[in-house]
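There are two complexes below, and they share subunit A, which is joined by subunit B in the first and by subunit C in the second.
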Partner chain A sequence: MNFEYAGGILLGSLHAMVPITLTASGEVVGESAGLFNIGLEGIILISAMTGALGAEAGGPMAGLLVGLGTGFVIGLIFAAVCTYFKGVQLIAGVGINLFAAGLVAFWLIHLGVPGHHALAAEHQLANIATPFGDLSPMIFVAIALPVLIYLLLFRTKLGLKIRAVGENPQAADVAGIRIHLLRLLATAAGASLAGLAGAYLSIDWLGSVTKEISAGRGFIALATVVFSGLNPLLVLLGGFIFGFFDNLAVWVATMPAVQKIIPWQFIAMAPYAVTLLVVAGVIGRAKFPAAMGIPYQRE
Partner chain B sequence: MRYPAGIDELTKTLIAGGIGFAVGAVIIRLYGYDPLAAYRALFNGAFGDLYSISESLANATPLILTALTFAIGFRGGMFNIGAEGQLYVGALAAVAVSYFHLPGAIGLALSMMIAVLAGALWSLPAALLKASRGVHEVISTIMLNWISQFLCFYLITEILVDPQRAEKTVSIIESNRLPLLVPGTSLSYGIFIAVFTAIIVYLVLWRTVIGFDVRATGYNPLAAAYAGIEEWKIIVFVFITGGLTAGLAGAVHVMGRPPVYAIYGGMPSIKGLGFEGLAVAMIGRNHPIGIIFAAVFFGGLLAGGRMMQMLASVPLELVRVVEGMVVLFLAIPELVKLFSWLRKLAPSLNFRAKRP
Partner chain C sequence: MNPKGTPSQNNSEKLLEGKGLCKGFPGVWQHLILDHIDIDIQAGEIHTLLGENGAGKTVIANCLSGFYSLSEGQIYVRGRPVSLKSPADGIRHGIGMVHQELALVKPFTVAQNIALGLPGSDFSFPLPEVEAKVRELSETYRLSVDPLAKVEDLSAGEQQRAEIIKVLYHNPQILILDEPTSLISADAARLFEALENMARRGYGILFITHKIEEALEVGDRVTVLRLGKSTGTRPTAQTDKNELVKLMFGEHTPVHLERQAVKSDTIVLDVRNLKALAADREPALQGVSFSIRQGEILGFAGISGNGQSELAEVVTGMRKATGGQVFIGGKDFTNQTPRKIINAGVAHIPEKRRAMGVVEPMTTAENVVLKDLRVPPFSKGTFINKSYITGHTKEIVTRFGALVSDLWKTPARILSGGNIQRLILGRETWRIPQCLVAVYPAQGLDAKAIDHTWQLLMRLRESGTAVLLVSEDLDELMALSDRIAVMSKGRIVGLFAASEATRDKLGLMIATGGK
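Moving on, here comes the complex of A and B:
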């Protein structure tokens, strides 16, 4: 295997890492505040659609912002249901996923091209040319954000407050922190990164919208959060591992020799199987906020 | 004013349903269609005549069974969303039995048994990972769903493929199919299997010791553990029982649904039945009897959705948008109270000013 080849694999893995790292580092913020959002899958899906619409209306940067905003709004709805209205988080998340699957499929059929909508080249985010292939600027965003989130959570007063409402909301309440408001904002901010990830899928990496564009990445991101034990820096590592295996299927598709030995379906399973194994392997040491998943009720 | 608990649950479902349809109407309008015409077509297509009712019941059949998977888990305090993947392997296992050309009743019974076992087997990793390593079932079951999908893609194109038609598996042989209940429609005797299974699940959960243990664990795991209920046993029981019904859903669908009695590549006929079952379980408030009604309602929406697509040209997928909204609002425990606030508002608007 030559140097160029390895560079190509690294680049592919980094591109596949972006959506998972973005979504997972956002979810670290939300889970630190105490909300477990399984609606991330749906948020990625809807934002891939709205992001594409935004890009077609006002260019790729506008598309990314629309994706970010979509994630924020859906995160806000989810969090409002789960804080002020004391909703069951898992059920609300399932609702968002179903809604998203329906809406995106509805939209694609409405366009008259069931299942697939490709973006024109001028609506896609411009990539940086390297000797190994194109490099998306979003890779740098995905590497920088976990670091920034780490600093936010562990080096600022706001971060301490966020972790306090997840760990011990009663104490935080007594200390004068507005529990519901902080949880709401932390979750919505986290969900906005899932929205960015969705927009990245359609505007940048894949260049089209399909009704299965999220392909379980929201759930892989949830697993990455488990792997990280709510440390944003480990989200980077976890995201890269899953990115590598996600990219593997694409890479193997170019090699008929390997495909003869292992059918593509088994390689396509790899990211999911690896996720399962990694989560099973590390689960012992993961520590989650004591009040995660429980709606806060003042006594 | 206090209502019996059941009425409250029903009111809640109706309110959430109302919100869901309202949101659906807004989306229909936004895309430039006519909401009223769309909903009229939807309900006529769902329950308008014998044919529509039969189609609705046919759609309900697998949904009852996949909803049971989720409901059993939910009663035990677990969020088992693995019905989707378990249904795939169940359906393909039933197809595989047709290779042996077994005579009528034996082949039919064996197809179902193998499918049910395959579903249970596929649920086992999630149960063991939860019991031994504490892996959250939401993550493990979703990953297993995807693994199941790709495994089944492989089985469909490489192993169970129809030698004459490469795009599908071999068909279930004629003598092993579930007979049709209403000729000319899609409704088979499978509906009785589904309803019967729901009743069995009800009896197991509410009339047996293990069922009590499951519900106790779901209600208060600490108290249940203190009472001597071993959690790992409950986890394994809940997942295996759920896998049985999901596997049965796959079998009943492929063995009872005309015209092909086979699975196509990409699995369009069975994809999504597991996730739809989730919504059905929640709308049926995770009670086996509630689930039967919710599944018929939901099967009706799917059947009517086709009519809506034809007559009002509103895409069928709108049904899922409505469903998602309904589930989102059902997550709110005190939804009814939120709306009683509106009721209190009414007198201040002088609606009843003249009452003595």
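Moving on, here comes the complex of A and C:
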């Protein structure tokens, strides 16, 4: 194996890490506040599409902001259903996923070639040249955000409040915190990062929208959250591990020598198999907020 | 608001007053949870609120602190009418409440729990400041607690002191404590000392308890509640145990229903030295022995939580006995499955009718035949016999006066508590069981239905059923029972013939645990 290949797989892993780390660190905020959003996959998918449309209308930065906003709005709707209207979180989340799959497939037909929409180069986010190779600026965002979220959750009063409404909403209520509002905002803010991840997929990393563009990354992000035990710093590590295996399939496809021994289709299953193994190993020990998934009612 | 720890020096000023407090819907509901309660708390006094479980003490506290909304009535703080919509409103008006189920986030430290409720920027981090002030409050009020300890690592007493400090941190003028001694019976003296210390500094304190001794030991005035109504307020120094018992349990002499003496000497249910643990692994039954003959009603009196529920559960096979034996019809049925005990002829009217008595999403007919479903003629082989079940259910619904719109469509979930109880009574007694375990059988029923239930139990008695009756209602116990056993802390502390029992004697024994 030569050195360039090793560098290539590292760079690829960093790019593959971004959507998972962004989505998972947002979900850490939402789950800390007590809401479990299984609809992340759908948010990534819709935001990949709206982000691409935004980029084509106003450039790549506008596209990223549209993706962020899309995530926020969907998160807001999801959270409103699950707080003020006491909806079941699992059902609301599945609803987002089903809606997303239908909407994106439908829209892609309207845009021309069914199932695929490529972005022109000027609508894509440019990489930054570094001594280590060309890197997306979003890599730095994906590394900085978990650190900022860690500081927010564990070093500010707002973080205390968010964790309190997830752990014991009654105690938080007695302390004068507006439970539903805080859960709503924490979840929407978290979902906006899934939206950012979606826009990154289409505008930056892959340069096109397909109807399978999210490829289970929303679910892998949920697994990363389990792996992290709601610690944003571990999300960074988990995101890199999953990113590495996500990228491995691409790398193997470009290595004829390896491909003779293992077909790349087999390796393509690696990120999902690793997710399964990690979650199976961690799930019993992970400690989640006591009131997660339960709507709060005062009397 | 005044600076630290000295809310007011003007004694006898009414800090907090509730006038005509109602919870529930007057004219619509048969019983109100709170029925036009007047109560006030003065500066520098400890006002004790005394009543049985279910009398409405916690509801008053929650309404006065802004946690619950009122249906009617007005709250005044220092004479000014206020509207409390949330606990935050309560805190703003200087009302602090220590909840019975402590409102602490378990994985957080004491200081973090306090920081949660503080005003100020969301991005600030006030912990060092909070820690210093907690130490200061600990010292001032002699409530020692480590601000850096995690709540889940603290003992019950420490958690409670942490909760009190959390409330004091907001510098309230009024402190409401809901059954604070239920968690820390051994540590109570230390708490009382701290409360008296606070009252001397001008706080107004509302102290809630169901124990008469505590009401007499602590406090300046005592208000007694009974079934959502206030039965009177007395200066503590001018009242005594007997008067409080009367206020708590009512004054009229209950009727002991006429009956013939128990004819049979055959023992149906024989319980010997029974021991069992409660859900929290604490001992709930500590050696209970009794026997019930054919056609006899043995009533169990006592404040709930003294082992009555666990006793009924062990006898019906729902809870494991850790010692002792249960004989039914002469055979040992200790720790047998509920199915075997049902087959031995034991019927059960459970305490939690919605959780244990019915399957809420299932229909009325399905619930009525829940226990009989597996035998003919209710089912033949694999299939249920729908037409037979329809006839059977119709008869039970008619005979017991339940209001059900459709036997096969109405789920038990949407039935009222009273109608559910009628269905359970019907299901459990139509066969005339050998033994009936009835826990609070008349709870939530209206006067007419209570009368029907009592007559039903008396008819079963005539037919030779041995009845184990658990109740908190002295009227019911004295009307129905042949003998009454008083339970306290998992033991029978008194057992006497119902015809010899008086309300005072019974009430006193219940309230004091037979001491």
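Some points to look at:
Convention: the second predicted complex is superposed on the first by the 294 of 299 C-alpha atoms of A that agree within 3 Å, B and C clash if a C-alpha of one lies under 4 Å from a C-alpha of the other, contacts with A are read in each partner's own complex, and residues count from 1 in each chain.
The rule is simple: a residue touches a chain if its C-beta (ideal position, glycine included) is under 8 Å from a C-beta of that chain, and two chains touch if they have at least 3 such contacts.
Because the structure is predicted, anything quoted here is derived from the model rather than measured.
Overlaying the two complexes via subunit A leaves subunit B and subunit C side by side, clear of any clash.
Contact with subunit B, but none with subunit C, is seen for A:263 once the two complexes are overlaid on the shared chain. Our angle of interest has its tip at the CA centre of subunit A and reaches the CA centres of subunit B and subunit C; in the overlay it is 70°, to the nearest 10. Contacts of A:157 after superposition: subunit C is touched, whereas subunit B is not reached.
Comparing subunit C and subunit B on the residues of subunit A they touch gives the larger count to B. Contacts of A:110 after superposition: subunit B is touched, whereas subunit C is not reached. Touch criterion met: A:176 reaches subunit C, while subunit B stays clear of it.
Residue contacts after overlaying the shared chain place A:13 against neither subunit B nor subunit C.
In the superposition on chain A, no contact is made by A:47 with either subunit B or subunit C. In the composite built from the two structures, the nearest CA pair linking subunit B and subunit C is 5 Å apart. Note for the complex: subunit B touches subunit A at residues 27, 31, 79, 81, 125, 129, 133-136, 138-140, 142-144, 146-147, 150-151, 153-154, 158, 272, 275, 278-279, 282, 315-334, 338.
Touching subunit B in their complex are the following residues of subunit A: 38, 42, 77, 81-82, 85-92, 94-103, 105-106, 109-110, 216, 219, 222-223, 226, 263, 265-266, 268-269, 272-273, 275-276, 279-280, 283-284. Across the interface of their complex, subunit C is touched by residues 155-158, 160-161, 163-164, 167-168, 170-177, 290, 298-299 of subunit A.
Across the interface of their complex, subunit A is touched by residues 67-69, 86-88, 91, 97, 99, 101-108, 112-113, 115-118, 120-126 of subunit C.
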